[in-house]
Amino acid sequence: MRPSQRAADELRPVRFIRHYAAHAEGSALIEMGNTRVLCAASVEESVPPFLRGRGQGWVTAEYGMLPRATHSRSPREATKGGQSGRTQEIQRLIGRSLRAVTNLAQLGERQITLDCDVLQADGGTRCAAITAAWIALHDACIHLRAQGKIAVHPIRDHAAAVSVGMVGGNPALDLDYAEDSTCDTDMNIVMTGEGGIVEIQGTAEGAAFTRAQFDALFDLAQGGIRQLIALQKAVLADG
Amino acid sequence: MRPSQRAADELRPVRFIRHYAAHAEGSALIEMGNTRVLCAASVEESVPPFLRGRGQGWVTAEYGMLPRATHSRSPREATKGGQSGRTQEIQRLIGRSLRAVTNLAQLGERQITLDCDVLQADGGTRCAAITAAWIALHDACIHLRAQGKIAVHPIRDHAAAVSVGMVGGNPALDLDYAEDSTCDTDMNIVMTGEGGIVEIQGTAEGAAFTRAQFDALFDLAQGGIRQLIALQKAVLADG
Amino acid sequence: MRPSQRAADELRPVRFIRHYAAHAEGSALIEMGNTRVLCAASVEESVPPFLRGRGQGWVTAEYGMLPRATHSRSPREATKGGQSGRTQEIQRLIGRSLRAVTNLAQLGERQITLDCDVLQADGGTRCAAITAAWIALHDACIHLRAQGKIAVHPIRDHAAAVSVGMVGGNPALDLDYAEDSTCDTDMNIVMTGEGGIVEIQGTAEGAAFTRAQFDALFDLAQGGIRQLIALQKAVLADG
Amino acid sequence: MRPSQRAADELRPVRFIRHYAAHAEGSALIEMGNTRVLCAASVEESVPPFLRGRGQGWVTAEYGMLPRATHSRSPREATKGGQSGRTQEIQRLIGRSLRAVTNLAQLGERQITLDCDVLQADGGTRCAAITAAWIALHDACIHLRAQGKIAVHPIRDHAAAVSVGMVGGNPALDLDYAEDSTCDTDMNIVMTGEGGIVEIQGTAEGAAFTRAQFDALFDLAQGGIRQLIALQKAVLADG
Amino acid sequence: MRPSQRAADELRPVRFIRHYAAHAEGSALIEMGNTRVLCAASVEESVPPFLRGRGQGWVTAEYGMLPRATHSRSPREATKGGQSGRTQEIQRLIGRSLRAVTNLAQLGERQITLDCDVLQADGGTRCAAITAAWIALHDACIHLRAQGKIAVHPIRDHAAAVSVGMVGGNPALDLDYAEDSTCDTDMNIVMTGEGGIVEIQGTAEGAAFTRAQFDALFDLAQGGIRQLIALQKAVLADG
Amino acid sequence: MRPSQRAADELRPVRFIRHYAAHAEGSALIEMGNTRVLCAASVEESVPPFLRGRGQGWVTAEYGMLPRATHSRSPREATKGGQSGRTQEIQRLIGRSLRAVTNLAQLGERQITLDCDVLQADGGTRCAAITAAWIALHDACIHLRAQGKIAVHPIRDHAAAVSVGMVGGNPALDLDYAEDSTCDTDMNIVMTGEGGIVEIQGTAEGAAFTRAQFDALFDLAQGGIRQLIALQKAVLADG
């Protein structure tokens, strides 16, 4: 039995608060158990230097964590003089994942930045960020179309993410902090609504893992992502 | 008439969500109109080097703003390599204000850090931070007493803050962004429950101001702070 | 009696050396008791990005302190990787104070930077910097007019600053380091030649202060600033 | 046919120069086609603060690239003020991969740092670094045993890495720069001598990929890693 | 007798590997005893801001050292947030020395950067860097002429450098680390093929030195540089 | 004839103001023509980590320049995030030069830091700094002896510095800015009271220089340094 009494293939309770940030073109606060991430999309009418004049847009992300989002306080990155390697790794993952479902040509020469800030952390923050940032991105594109700036909504498909891992020798879906900090193998998987794989990041924390274990974990993740995408659809339908 | 239709001496609606941050020893989310600030208190069982061995504690604060808390996105301080002068000025003010009502000797050799992060900005964020951080600090001290680490609750009095300013030639209480960005004189005042003055910061943005204008602004602030302290008391009474 | 044997309303001896910096468009070294600050004005024929094309100029300030200006050596900010929060707070105050008496439209699209470097510190350095920087700024404008770059001298009024504080329970003018480091309440006030208030920064270091104490301190400051402005006029008259 | 005329499952020519760095406790220069990486192991008789007193060691890595290792010159990270997110991501991967095959308790309270510096880049630098760093780490442990500092050689198994990707719709092993910069899916896989999986990092650069494509890529990688581990064994056997 | 058994006027064995870096416009790896430096020349079709529009080019250098180039590991400058004073001093010396033999007008408005990275250090790295960077610079100019970008080869003369010092009271040529770390006086001299002096940097490490000692050291350096320039000529002749 | 009408071997007027900095253990302001440098010595009762427990002291220096010390304003190093390569090169030179005449064992385990800040620059600032810092260092040692902290005054000899250069084809002593910015060869020489050479730094700015030119420049410098040391002695004699 898992510490949280959940079944192996059971997600934590998920809640979205759409339009949480009044000033942003799109935003969503996600609560995934005790993990709480605020994602806000900002549209900028220019692209980074390496894309200028190519007639396409860009989607990027930044990730942060409030100092007391965690069990004990972590120093503020702004006072340490820069973002940590972990932060940069996560925000690069979020950006890549969202670009994989965006038609950058249809977006036009503009950039959408997804700010994903963890208000409270209990495991799985990068996956929660991807799942909620997809809603913020989606809504920013609705905003652009409403303004007449783009003709076609450029998001091609849903994208969502979940963590899986070997906990006490058994595969488990959507690890919380208690599981994440003790598991043997930790994997984050990002998939699309059509079931395509966008990203797989699997790490043996202790012993190496086998192909059979990989297969079991992948199957769990696939099921969890299907549920998350169903929730994204419900949120959009709610208006 | 003010842009927000408020009377000259009228605060914006104020709401506190106490215990918002699950991991922190004390916390409060304050909503003051559209301004939204999350304050979390973290206890650390050591003091900064300059205080070691003196048998007293320390209270300090850090201030931050999510990139899209504002109308247009601001770069993240963690990616700019450091905190701005404005940020440091604000967090120094918050720390000083809270220390003024804390008996540092009763706190013992430990430090409480108040992280004040602006989730949404519509004027008056530093004042809202002080008013909510006081609750977080208060609750962290309750926590310390419950743990038996301190014998006496070391907070001597309430502290709250409000901004006032000359808007269109008239004194006004609790400026929102629309007023703050056009006013002639801007003043932030911090006071205690007993009516003592902790901090006055008044700045002529355009023309210099007179002693009579100062007096009118001060009186407005005094009234606003009395209301805020009454609200703090109500929050604590609610449990 | 004050440690320096001065009366409560007595300034320290003040001396200006005008034109101290040969290369600067305007400059003054101020000695206020043992505090010694060199202020140099530099004219640059461009404005910061946020002002370009608006047909107005800008006045800004930078503040620094030689490592051994103080009783014990302080690390050089250039070796610590940046300016401290205190330094930035002070230079922002100096810049705001001087802009309050400058007609920026008459200055034209150019910037004047006031570098205020403390050669020796004995309390009141930020106030001494404002009082001397006003002379440097004034002289830089004379220089611009002599060159035919501006038609009208854009400085509208004098500006000077002084510190006051409650020392041993009594209000005192122009605190030196011995008083400043032990006082209960510390206030810096900036005023114009016409008696307008430009900035009030009052802080309770220990106990909160009362409205009556504020009034007494303000009156002392007003008297001190009148004397400093008379000295500024004498310096300019000397040629 | 691949640009390099290689078969889909064909590695580039691999050459190791063991003991390349005279001062290091272990070192190897790897040439994998035109990619050239120098890995040096440094033993330090202390561990990072988070491990002190736990009776175990640590293995970590740092990654760098000479400015002109690439087709066009890249700015030196030392002049940009820090390591990029990509650099940190890579060095964290190298460290994790090597720790997965090290018995840290047998290493004792000491740290081995693997410096992996790319002298010339033609794709696959992080995989080449892992494969060569394993030799440097292994030799540093031989050195420690020869000195009598450790009783048992703490490296439990080989570790090697290779990249695979979908190039022009076909799976291919060990991508060079021409392939890497145009492929649809890019995957880096780290495995042990016994065939355990240490790390899988798969990214859809353009379209999402399918489970069947993943399987094909994984099989190619497995075959490549077997060859690399055979080469590691040959190098060690050569003495 | 010197620790290395060399005569006072004897260089260490010198070997150049020309064209070591495949991507660079010019490059050379120099081995001078156990000192090993890789120099790569990169051509950029623009000049630094202070030279724009003047119709002349620029030659500059950057210097680095792999962390384990030295007996014990040194922290990577990229992780320390910047280049040390020593590094900057050395790269400024290399750049000045090469500019002294380059006709910058004939180079045209382009910049050549010489990256000099020490793979292994055993004394004399800055001198070895100058001697090898000259070859890399020379070859980059051959490349520019072959491309038809410049009409005349702009390198006016050879340049090479060597260290000399008082070791155990006796003058010695080309100090290795064992000598360099114990010598009384250390001098680096850069000269041209025609025998002109480009740079002299002499430092008394312990006691001051005399004019007669300077003369003896200078004579040794002059002889060593003649040999190094003969070796440069041989390398170029080899093709 | 030189721009300043001086003879080839003529120093600019030199003036010292000893004890300029009230808080420092030793200090001197030097005026050398229009160059004005303030040097302050600070004693610290500890040594840098690499010297701890060796029973000897350390002498080091830091160099800075006020932003408007120069003809046009230079950005403040504290706002640029660090000291420039030039600054570090100069302060390393000052420190080395003073250590060469200090008996570090007699100084005991303490450090003296010489802060050399240029208030006004007209060429030769690093040499002026060395010459004045020697006085500050000397006086700090007097202070230590007066306090009974050291038994023997540890300064073994005078040290002073001067610049020389080839100006318009002729050797000239003590270059001012007008000469320094146009000269062909620039050399800074540091010598002791007994005539020993501490440091020679000679650079060909344009064409390489000959041994005969070096000899002429050296002779000029030797004469200038003798005069400077006579002035140091006069200052000390004045009390």
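First chain written, first letter: the chains are A, B, C, D, E and F, and each begins at residue 1.
Basically, a contact is a pair of C-beta atoms (placed from the backbone, for glycine too) under 8 Å apart; a residue touches a chain by one contact, two chains touch by 3 or more.
Fair warning: this is a prediction, and the values are worked out from it, not measured in the lab.
Among the remaining chains, those touching chain C as well as chain E are F. Listing every chain that touches chain B and chain D alike gives A. For chain A, the chain with the farthest CA centroid is F.
Chain centre most remote from that of chain E: B (centre = mean of CA atoms). The chain pair from D-E, A-B or B-C that repeats the E-F interface, sharing more than half of its contact pairs by residue number, is B-C.
Rotation angle, chain B onto chain F, C-alpha superposition: 120 degrees, expressed as a multiple of 5. Residue numbering at the chain B/chain C interface overlaps substantially, since over half of the positions present are found in both copies. If you average the Cα atoms of chain C and of chain D, the two centres end up 59 Å apart. Averaged C-alpha coordinates give centres for chain D and chain F that are 51 Å from one another. The set of chain B residues touching two or more other chains comprises 81-83. The sequence of chains round the contact ring, opened at chain A and continued through chain D, runs A, D, E, F, C, B. Within the complex formed with chain C, the chain F residues making contact are 21-24, 27, 34, 38, 40, 42, 44, 62, 64, 66-73, 76-83, 87, 113, 115, 117, 119-120. Partner chain E is touched in their complex by these residues of chain F: 82-86, 88-89, 91-92, 96, 100-101, 187, 191-192, 194, 196-204, 206-211, 214, 218.
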